[in-house]
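Structure first, then comments.
Labels for the chains are A, B, C and D, by order of writing; each one numbers its residues from 1.
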Amino acid sequence: MPRYAALLEQFHIVRGHSCALVQNLSDADATAQSMDDASPAKWHLAHTSWFFETFLLRDHASDYRLFDPTYPYLFNSYYEAEGERHARPERGLLTRPSLQDVLQYRTHVDAAMTEAMDGFPEHLLDLVELGLHHEQQHQELLLTDILHLFSRNPLKPAYSALAPVRSVEPRPMQWVEGNVGIHRIGHEGADFCFDCEGPRHDALLHPHALANRPVTNGEWLAFIEDGGYRDARHWLSDGWAWVQNQAIEAPLYWNHASDLDWAEFGLAGNRTLDPLAPVKHISLYEADAYATWAGARLPTEAEWEVAANDGLTDSGEVWEWTGSAYRPYPGFKPAAGAVGEYNGKFMSGQFVLKGGSTATSPGHIRPSYRNFFYPHQRWQFTGLRLAKDL
Amino acid sequence: MPRYAALLEQFHIVRGHSCALVQNLSDADATAQSMDDASPAKWHLAHTSWFFETFLLRDHASDYRLFDPTYPYLFNSYYEAEGERHARPERGLLTRPSLQDVLQYRTHVDAAMTEAMDGFPEHLLDLVELGLHHEQQHQELLLTDILHLFSRNPLKPAYSALAPVRSVEPRPMQWVEGNVGIHRIGHEGADFCFDCEGPRHDALLHPHALANRPVTNGEWLAFIEDGGYRDARHWLSDGWAWVQNQAIEAPLYWNHASDLDWAEFGLAGNRTLDPLAPVKHISLYEADAYATWAGARLPTEAEWEVAANDGLTDSGEVWEWTGSAYRPYPGFKPAAGAVGEYNGKFMSGQFVLKGGSTATSPGHIRPSYRNFFYPHQRWQFTGLRLAKDL
Amino acid sequence: MPRYAALLEQFHIVRGHSCALVQNLSDADATAQSMDDASPAKWHLAHTSWFFETFLLRDHASDYRLFDPTYPYLFNSYYEAEGERHARPERGLLTRPSLQDVLQYRTHVDAAMTEAMDGFPEHLLDLVELGLHHEQQHQELLLTDILHLFSRNPLKPAYSALAPVRSVEPRPMQWVEGNVGIHRIGHEGADFCFDCEGPRHDALLHPHALANRPVTNGEWLAFIEDGGYRDARHWLSDGWAWVQNQAIEAPLYWNHASDLDWAEFGLAGNRTLDPLAPVKHISLYEADAYATWAGARLPTEAEWEVAANDGLTDSGEVWEWTGSAYRPYPGFKPAAGAVGEYNGKFMSGQFVLKGGSTATSPGHIRPSYRNFFYPHQRWQFTGLRLAKDL
Amino acid sequence: MPRYAALLEQFHIVRGHSCALVQNLSDADATAQSMDDASPAKWHLAHTSWFFETFLLRDHASDYRLFDPTYPYLFNSYYEAEGERHARPERGLLTRPSLQDVLQYRTHVDAAMTEAMDGFPEHLLDLVELGLHHEQQHQELLLTDILHLFSRNPLKPAYSALAPVRSVEPRPMQWVEGNVGIHRIGHEGADFCFDCEGPRHDALLHPHALANRPVTNGEWLAFIEDGGYRDARHWLSDGWAWVQNQAIEAPLYWNHASDLDWAEFGLAGNRTLDPLAPVKHISLYEADAYATWAGARLPTEAEWEVAANDGLTDSGEVWEWTGSAYRPYPGFKPAAGAVGEYNGKFMSGQFVLKGGSTATSPGHIRPSYRNFFYPHQRWQFTGLRLAKDL
């Protein structure tokens, strides 16, 4: 099967998955924006289509006609090179176009892509592949943003009736000694990766150990009960200011089902807290404070990736905060053109997360993946794994 | 016809009108909130129903069952006596209940009211009447809020396809000499009025004249072209700070259709500015600056009301800012109970507007009416009429 | 004695009084600015000199040389007609010029004024008189601003060692019936007044009574102990928001000397609260809430002034909030030129206060005086007197 | 000479230097605070004394009497373990204690230290040494804070009459190839260092080159003239938002002496810009944008330190931004006790700077030194040196 044909198959799978995600959402659900960091579901659907329309169809498909001349203004996210765009905090005011309009936009783009892809040269097929991975990122964001929106609604609506399944007890926590010395990290091989995952390079590991699994809700409860959120000694200075200004007392979606019991709001609605599940929706500040309280620290991204390559750890339930600032790898060069704004310009003030979550799209998890968020953000499915120096 | 029967007829007319107003709105249109001052259309529909449910059905209709136990929390506006309520700036996050749910809520309340009203004593029928006038206020707010929402959408959707009609040229501006000395103002008679419209009392008028009609868009253009928005001498100090901080250069919905021409966005979409129509969507600060620039001043509410009672002026196209602060009339007492919070507690920092607008519900205009807004607000259909001392 | 000579005598008295007020202040005390609403003592001294330099010496004294060409920029307060000026919130950064420099500036201006006044025509002598009353206003502001600055210092320094004297018990509170019908208010006669105190005009009084004295600290304690600051029913809506956002629980300078006892910080330092003294440093919101709680209301400015003219009340210990918005009198015209910005442009959003305080300069109290502040402000010596409808 | 005696000699030198720095400052100069990030000179003098009083005299000198029981509250900076403290943004309101009072406080502490040091065991002498290095840090901050204060004064006062001397032309810019492979970094030996400078450890260097000197003002002018501040492509995303929100167009203290010429405000007042001097008072965002524009990047801290150890570069005129986030070295443990809050808790969101500036105290520069600031801060003497991958 030629590359374009395999990619086209993948294209339809990924694009279809996005539409499947909004099947239970009303037009209003898909329109609202619950905070500046989040975007409406409808906007995710349109923006991912704008990516293909702009970087492939508009520039490279002869006779392509824009679905709507106002959409590029509405659905550009942050590409300065693509000109003026609608202000991010106002995305929730776009009651028009409707969800139905946006789904038609998707159909229009999909049809044009299906027709055009056959003739695309390699470097355009590369862009298509980038667009699909871009869309998978937005699939997870769509879920996290809907969860945030629903969490602000006193009716506590469930996104999905399906309860999260957890039948087995997690393994007992154990320290796994990590490799030491020079090891290669960064993406390797012909498969797709984002530009920030390379170049592959040597990294130097110092003696250390990693926990065999992420920290659980039950373990986090002990931190709370020990006064962890009220003791400045555990916290980074910025984190302590954040805890106090925001009156933080627990992970984002924890709430009191009764005076005694904790519940956690999730995509399946509000449920009794599961002490065996990995803790999630915590900030880097919380993760770091917990690790300090536990006499440990966060892993570096190199430690995490080498361990993952060696199969020393399991992961994939929550994104795991590392203690590594999101900065360029040695020799990093952003991609050319507007898509060069994808990763490189965000390399200040953020921390790397590794792994992947239950909301991550299938096929979107790999050891070299570098996810990144600001240290106060926690509406993603973020957790932590302990590390320590040896 | 007994009073309750006449009121029930009125009830169905007013309640039906609210539903008619949202006929062209999608669920998303009815859910979004474009600024803290505005509310979603859906919220207006629900809140006006909450009024009847709370103050009449819950307390006085035997066997009444709340439509939904969470709604009182969601749809109380500002009645402290009715307990905790959903934060105003978060109304736009309530994608659930849907517009359809809210319309069913209305049906539920209407049915219960229809059944219960027969047995209501006079003081409850008074409350029903208050509730209907309350709903009429929200009908106008619903329109002003939708207009504001649509104005923030780059697609510039029209609420209604109907163009505003204006076939006749306004009368030439003339000064009409006002009455002098002691005159009675405030509401008189058995018809409904809000508590703040009384008590009827003597007011003392000094020699003055009023314009026979509001200021027009064409006249406002002269103010702009004379540099009115850039000359501090015309402005109140608070107004000048507002003009500079907000970079105000024209009435709220004016925009440049081209380099040369002004357009105005309205419920019928974006239209070429009509120089003959009354200027609207201006703040008290703008109204005052214009009057100062014109060598005039704003009318007092007593001057305006006496002139209206004498038939000296026409009005009803725009709410007209007066120069009178919204303060209690001599002998004013708020109504008893939670509905006492309706007017009295807002008597600081706001100015009185008189008249009514093309968006005001039928039967909701009377000379004693005291509308009130903060001096910087201008998303209502607000204009001005000149006055001067003689 | 010709007018200029009498005025010159007055000039030296008033100017000398300003300097006397800073005798106990260090250069640093006179430089700091504790909030945007307040100004440094040094700035008051310089700004009042700038008034004479700008409006009299610069424009009308031949050969006058500016003391320093940068001072007009630094010490203009808000006169737009006089051009650009230093940003108000940054006044506290002006460690240079020093207090000593500013006192030399005063000497320079005083010498030039002494020489020039002989030849001034009447309209300039009017301006001189305005400048002196302007300076007296700033003398009171200087005291209130220093009090605010010292209140923010944990060392609680005293401005003056002299304890406030209070030897006599206040009269029992009694209602005094006010005059009814048309009465003249506003300034009358040839003596100085600010433009906003006129024109003298008829005002219409409705049946009412006034308290014979202001509310005392002891009476205010009863309001606190009755939960007055925590009961929304007493408060204007804006006031309730203010109380909650700012966590207001008592007048501005009240503090807990111990668990049981209240103290009040004042110019003489922190002292045990005197229950017999008039309550002071309260906002209009607090004054209004207290009056509502007491089943009363605030006086209108016309009621207050007519009573004062008739000698029905005593006052002068605290500025008394009225329920009247600060708006122009019928027929009001601002003064011509830059000094026309003195009063008229502030006529929105503020309330009138009548009377005068123990910090008011001698000779600066008269019944027609219209002081004005925003309803949340309370760093002035502000109190209240009750009124009621009859 | 025993250690305590050598340290005592050093103590008097360092303490005396602080007092020398304020010789030309008035009480007001030493009191004002020009922004939240800055502190008054008086506060620096007092806080550095509080360090000795608290961590040595109070806890370890028998019979020591606090100079003033309120000072610990006023002059603790951020040590949570030392209890409540005065709010940082209000330091400029402390007109009392006066500069004179604070100098007496210093005399009191110095006398007690002189007496007590003889008997201190080693671990207390370590604390004394820490206190002296702490004071040296504040000496530089005192200068940067005074510079910022004076820069906000339209009179543009000079801190010192001495012009900065620059007689020699900087060397032509050349690339110096750096070492590659594993090298040791971090502090070594018995001399003093801060806890964050260790542990000494292996670092892995990839092929790279460093510029032989920092970027000059003249080179920066080329960046400005090429539109560098207006071209999003050069900027980190956070940096671009900062440039636009703050309307940044040049380094902090650059100003237009005339339409054509640039001047730079400094400790010696406002001077014509020297194109040969290193550019300073730039943020990390600006440094990174310049490097991107120049086709280069910032050095990592390991590259910088290894080059400095090898004598490959000269430095010491400006602190040089590195591209390394300020994070703990492998095996880092904060010091025990309250002084453990010194460095570790600031390890998020900040970047490392290496080198030292003309304002750095003598003896306070060493290759292992890790200075750190937030990426938007630029009131320090901050510049940059280019690096590139080979």
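Keep this in mind: a contact is a pair of C-beta atoms (placed from the backbone, for glycine too) under 8 Å apart; a residue touches a chain by one contact, two chains touch by 3 or more.
Computed from a predicted model, the values in this text were never measured in an experiment.
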Note = Via touching chains, chain A connects to chain C in a minimum step count of 2
Neighbouring chains shared between chain B and chain C, ordered by label = none
Message = Can you tell me which pair among C-D, A-B or A-D shares over half of its residue-numbered contact pairs with B-C?
response = A-D
Inquiry  = For chain B versus chain D, what separation do you get between their C-alpha means, in angstrom?
reply    = 58
Ask   = Taking each chain's centre as its mean C-alpha position, how far apart are chain C and chain D in Å?
value = 45
Key: Cα-centroid distance, chain A relative to chain D, in whole angstrom   = 37
Remark   = Note: chain C residues in touch with at least two other chains are none
Note = Chains touch one another in the pairs A-B, A-D, B-C, C-D
Query = For chain C, which residues are in contact with chain D within the complex?
reply = 26-32, 34, 70, 73-74, 86, 90, 92-99, 149, 152-155, 157
Message = Residue numbers of chain B touching chain C in their complex, please.
response = 78, 80-81, 182, 201-204, 206, 208, 232-233, 235-240, 284-285, 288, 297, 323-325, 327-328, 330-331, 345-349, 351, 375, 389
